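Below: a set of structures, written as structure tokens.
Consider the two complexes below, in which chain A is the common component and chain B and chain C are the respective partners.
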Partner chain A sequence: MAIIKAKKTPDRSAPASETSVLGWLQKNLFSSAFNTALTLFTLYIIYLTISGVYVWGLADATFVAENRRECYDNSLTGACWAGVIDWLDNIFYGRYPREEIWRINFGGLLLALWMAPLWISRVKGKVLVGATVVVFYPFLAGYLFAGGDKGFFMQFMISGAIVAFAINMANTITGLTKNLGLNAFLIQSLGQTKATDKTQRNILLLLAAFAFGAAYLWQMSWSFEGVTWTKWGGLFLTLVISGIGIASALPGGIILALGRRSKLPIVRVLSTGFIEVFRSVPLITVLFMATTMFPLFMPEGFVLNKLVQVIIAVILFNACYMAETVRAGLQAIPKGQFEGAHTIGLGYWGTMGLIIMPQALKHMIPNIVGSFIGLLKDTTLVSIIGLFDILGMLRSISKDVPWLGLHKEPLVFGAVLFFLLCFSMSKYSRHLEVKLSAGRKH
Partner chain B sequence: MSDTQTKGQLASAISTEVMIEINQMNKWYGAFHVLKDINLTVHKGERIVICGPSGSGKSTLIRCINALEEHQEGEIIVDGILLGKNLKNLDHIRTEVGMVFQNFNLFPHLTILENLTMGPIWVRKKNKADAIETAMTYLERVKIPEQADKYPGQLSGGQQQRVAIARSLCMNPKIMLFDEPTSALDPEMIKEVLDVMVDLADTGMTMIVVTHEMGFAKTIADEVIFMDEGDIVERNNPDAFFGNPEHERTQKFLSQIL
Partner chain C sequence: MSKEAKPKAEIRVRPKEEFNFFQDQRVRSALYQLLTAGIVGWLAWYLISNTAHNLEVRGMNTGFGFWNVSAGFDADFKLVDYTPGIGTYGDILWIGALNTLLISFLAIVLSTILGFFVGVLRLSSNWLVAKVALAFVEVFRNVPLLIQIVFWYIGVFSLLPVVKKSLDLSLGAERVVLNNRGLYMSTPIPGDLFWMTLATLLAAVIGALIFRHRAHKVQDKSGKQIKTLLPSIAAIILLPLIVFLATGMPLEWDVPVLTGFNYVGGTSLPPAFLALLVSLSIYHAAHIAESVRAGILSVKKGQSEAALSIGLKPGRVMSMVVIPQAMPAIVPPLISNWMNTVKNSSLAVAIGYSDIVSLFMQTSLNQAGYAVEMVGMTMAFYMFISLTISFFLNIYNKRVQLVER
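Now for the complex of A and B:
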């Protein structure tokens, strides 16, 4: 009995449960009488929920009304969305002056345009695009939103932002049309392709300096009316606080995590202490501390506005959480990667920046985005210390005379809004994970 | 026997220049004494194979040579530079000493070509075109230029190890250290890696190889060192080492593995 099978066994097609929809249903939902009953029962519960929400939220709902009484006249059982619609501007922008709202929208549009090239594969120099967003955009946006007098420093940064934005847009266009970076395009059109690297660099620097001068002169010709931070509110305020929080928490967290893993004892102890203290205190306590205690430690006459204090508190709090996320990611990297980096002569920062962090960050994406989502939601706590963020605004509707007592609809609207924001972040993080791991088996 | 016969197939190109000098070196892991009074001199172009039972300190010894591990006593002088606390010296030594690991330690998030050009570009400050050219030359030498744009995870173990060797060579090192380069490989892949190493030995590179491949040791080694429990027990040329081991611990070890 040496040969078991003399001929190759031919392939047969898979059973129906693996390939057809009906087969799948039969296997997974209706495999036995008990499972069939469970399935039907669950479907019934789902039907009840959805139809209830549909009747209340859409079929019986009132969308146009002057006040709550009219809503009731229209339907007693339906939602009164008219109140939410009436307050939409407040929900999104708080008490920001209505004729200045375009500045907020324009700021948002600028950010979208500025970041868009990061998602276009033909555009060159993405690192620079990302860096200019972080360095320049906050100043430009800050001035757009706050307005008032531009100090010299602000003028300088605004000019820088304008130039950076213009270069970014031009670079995107040359990338899309000619598949070239702006620098290569300029050098080519000036006929300097044969010049030395140094000459080319000097030409580009000269052009940039010229653009900066022009931007500086131009920005002197306009200025915006000041809008104090007390008028900021609604979704806008929520996004400002959480946006700054998100943008600063990650670099802050990386620095703290590296500090905690450092070989230098003092750096390590300080980072660990800082992280543990902030992580052991609830955010609301940190916020109260920031607004009430912090000013006591400052020199007399040094007044930070409440918004800045809140933002600092949010950054520190979230940087500490982020630090632990980053540390977990760093610990997942095998020791061999550090040794491999050392043997090709990379120093500490080279090893971290080129080898360890890119791998660790990829593993950390789900946790980082989880923290970001948490941060976005936690930001609503600022309504407790008297900032009118989106939650504050939603709750104010019930105190507005025409809509007295309207609690449910605004909060449902807020919940949907938060769901959309958080769910899209979560979806994007999933997409990022898939994209970054494409073609790389570990 | 004539000199060339004792050295096996490869011609030797040992010069009198000293590449590595280790004097009375001791190392502890906590309270555990791993390396005991190590004295070792390696000349330029010399090819040394270190063998011994696991836990005998052979990996630790070569990891001390490029400062992946700290030693507590004695001195290690590599290419005329004293290893110590001086970080500048450490960086210099790491660029001059290439190392190949049992687990390859390639960077999984970079393509093969990026793995090879990273050191030359960021440490040697070469421009990108030159670095790529050098990288391709070495990839051809290890016979896998067609894999340049793949990621390490897409290659077989033997191919990955050859990439790791090429990555070290791209830094143009004066010494190559091999830490059990074939131990994690499937049997059919061992030969392709050993062939590359034999080629390298033929170019006159100073090499220290920790390995259990005794056939390979006979082919390339100028000297074989046997370590046991942190001591260098015996050092001899391969013929004498395998044909007529002097120390009883060496005899016992060889009788177990041959």
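Now for the complex of A and C:
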């Protein structure tokens, strides 16, 4: 005899702890007497913190005042944000001439527009977009920020940057509307699709040369007033130093990492030594070394300004950290990739440049973002050697006569600003990491 | 082989390769290395010759002659006897190095304890506690350390009450007081027979260890558990106490006393020291918490489930099963955090704590002007510390790798 179950047993509903709010609370916050006590204690701490911050920072705070005395007249216990608001321009731009600030904003906007296509999936030729940003943007931005006399080289690079930017924008538009790269679109609209590769390339080169000539002539018609580096400051200076730092540290880091993994003993020893020396000392000692010893290194009569000294120090320091990031990325590449590349007859540079680096770099992007966050935070150290970066500006508020002794509020403002910047970037890099490692699995 | 050569059907014996000078691997590697060495050597020679020339032109001092020269300035905080005007630059280096080591050591201890605590809280089953720990980690990791240091210094420790209204941390006994000039503590001065108390303490600790060892052996053999914790603690506390009382309490206290405008006596820690200690500890605790969390998560869930199923209590599961397996994943980032703590203690220069950078690389260098030597010595100091720490890390890694797998 067999027992047959004719009717399906009805599904039991999910336990209360999984569905209802009360169940969730019971499971996660009040599961035992100890946990209940812990929850209540934590709630009390949170209450103390939030109410303290709220009363100091918002309820009792003063937002409009002429000087610190007025803040005190308004409230003795609250924050005096009026000082920070009064200095907001200085915090962001330093002592950059007020009527020229648009140049900084315009430079930032250009960078955003230039990089934006990297995030649009329909745009073609992303590698070229990234490469032009690294090669041309610094010159255009450098001239925008510093102004003054354009030498021949600068004129050349600025024209190049203008052409590259225009091509990039046109390429983005054709990508978005026609789902084509700009080159394919031009060839098509000129009716040259049947021509040989060589003719097509020549046509494109001709067009590019023509555009370059036009840009060169156009850029001769305008110039900007010079702004010396001593007037640069605030968040702008922080971003300039860390931006140049990360952009130059990457190639430096790649070279050092390859050197460290090289089979040639002299190259390996030199790279390893260089990396280890800079990684074992604090950044501040490297900065002091830059300001005290770089002037001695230069030939007599040749003077480097402090900003350049600092930037070189930051690049050297970060290249060594980047080298370790790159090395870790290289180690993650399976040996089969090297062997496969050798089998098809590629030499060292072919293997590295065409097979290994593209894979390694892609998976290093989250770590590179991580190093950028670290660099951004470390850049505050330049205030110690007397540059007026964002921290330097925040600290000089307390020396301004109307706001004498206003220390806490600027620092809290700076902390919040850095937190927002760094936290959002680290969230983004974690998101990238998940996305890229998901791509690696299939 | 040239491109035009068409593949032939018959088997061809490859002719013995001609020796091509530039295609030979050994020649090329030697050439590359010579080239690199040449460039680096030329660069070094160029920089050195420029430096030598500049030093001569500017009439700057070179050599190590400054070592025995009187420094003429004082350090705010020092662990050794030093009199400004008599003490030399050599003494200053010594003071700075000791101060750096002291603050780094204390910060490492505090940040490791706090970091483990927060890291375990991050994984708490209590949702609220886990989120608060997460907020702690994210806030303190994402704000530059320098801003935190300056904030603690200017925003907290410099705004404490003045000397006359000092906060009394010892609940009215005036043994430990805190004010805007720092923290003042009583210092014990051991009397003649105090060594007997110490000896008893040492004996009690050794006894407790032997007792524990025995208890483990008994448990291994018979399965019987002997309670060791309470008797051990009792012995370690009570025995020395009895000896201490029996020998007539040979311990006096050097108590800070309010004399004139300041406290005199005892040990004092300046605000810069406290600010640096607190900010370094918190900043690195946030980093350590993350590596502790990652290490614990790297232990497979089955391990703790199996441990629970054989009847271990949750606390024991953590201490006897999970943590020991997580250690190989926790220790390397932990130690690199310690190294970063030593390096980051150099930010003391921003708030004027007398560490090696601020005393030697800044003040001494500005006064005496031996730029190359002083920068080099300071960097060598940090390199020595980093290399020592990474030497021990390598030993640990080797041992763990051998034990495991």
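Methods note: the second predicted complex is superposed on the first by the 385 of 442 C-alpha atoms of A that agree within 3 Å, B and C clash if a C-alpha of one lies under 4 Å from a C-alpha of the other, contacts with A are read in each partner's own complex, and residues count from 1 in each chain.
In this text, a residue touches a chain if its C-beta (ideal position, glycine included) is under 8 Å from a C-beta of that chain, and two chains touch if they have at least 3 such contacts.
Nothing here was measured: the structure is a model prediction, and the numbers come from that model.
Chemist: If you count the residues of chain A that each partner touches, which comes out higher, chain B or chain C?
Modeler: C
Chemist: Answer with first, second, both or neither: which of chain B and chain C does A:V277 touch in the superposed model?
Modeler: second
Chemist: Check whether A:P295 is in contact with chain B, with chain C, with both or with neither, and answer first, second, both or neither.
Modeler: It touches chain C, and chain B stays clear.
Chemist: Does chain B (first) or chain C (second) touch A:L217, or do both, or does neither?
Modeler: neither
Chemist: Regarding the shared-chain residue A:L411, is it in contact with chain B (first), chain C (second), both, or neither?
Modeler: Once the two structures are laid over each other on A, A:L411 reaches chain C alone.
Chemist: Is A:S426 touching anything from chain B or chain C once the two structures are fitted on A? First, second, both or neither.
Modeler: second
Chemist: Quick one: is A:Q337 in contact with chain B, with chain C, with both, or with neither? Answer first, second, both or neither.
Modeler: In the superposed model, A:Q337 contacts chain B only, not chain C.
Chemist: Determine, under the contact definition given at the top, whether A:L346 touches first (chain B), second (chain C), both, or neither.
Modeler: first
Chemist: Going by the contact rule set out at the top, does A:L58 touch chain B (first), chain C (second), both, or neither?
Modeler: neither
Chemist: Could you say whether A:I355 touches chain B, chain C, both of them, or neither, answering first, second, both or neither?
Modeler: It touches chain B, and chain C stays clear.
Chemist: Need the overlap of the two footprints on chain A, from chain B and from chain C, as residue ranges.
Modeler: Overlap of chain B and chain C footprints on chain A: empty.
Chemist: For the complex, give me every residue of chain A touching chain C.
Modeler: Within the complex, chain A touches chain C at residues 28-29, 31, 35, 38-39, 42-43, 45-46, 263-267, 270, 277, 279-285, 288-289, 292-293, 295-300, 373, 377-378, 380-381, 383-384, 391, 395, 407-408, 411-412, 414-415, 418-419, 422-423, 426.
Chemist: Within their complex, state which residues of chain C touch chain A.
Modeler: Per the stated touch rule, the residues are 29, 32-33, 36-37, 40, 47, 50-51, 53-55, 57, 125-129, 132, 138-139, 141-148, 150-151, 154-155, 339, 343-344, 346-347, 349-350, 357, 361-362, 365, 371-372, 375, 378-379, 382-383, 385-387.
Chemist: List the residues on chain A that touch chain B in their complex, please.
Modeler: Interface residues on the chain A side: 334, 336-337, 339-347, 350, 354-355, 358-359, 362, 439-442.
Chemist: Residues of chain B touching chain A in their complex?
Modeler: Going through chain B, the ones touching chain A are 66, 68, 91, 94-95, 97-99, 101, 103, 105-109, 118-119, 122-124, 151, 153-154, 167-168, 170-171.
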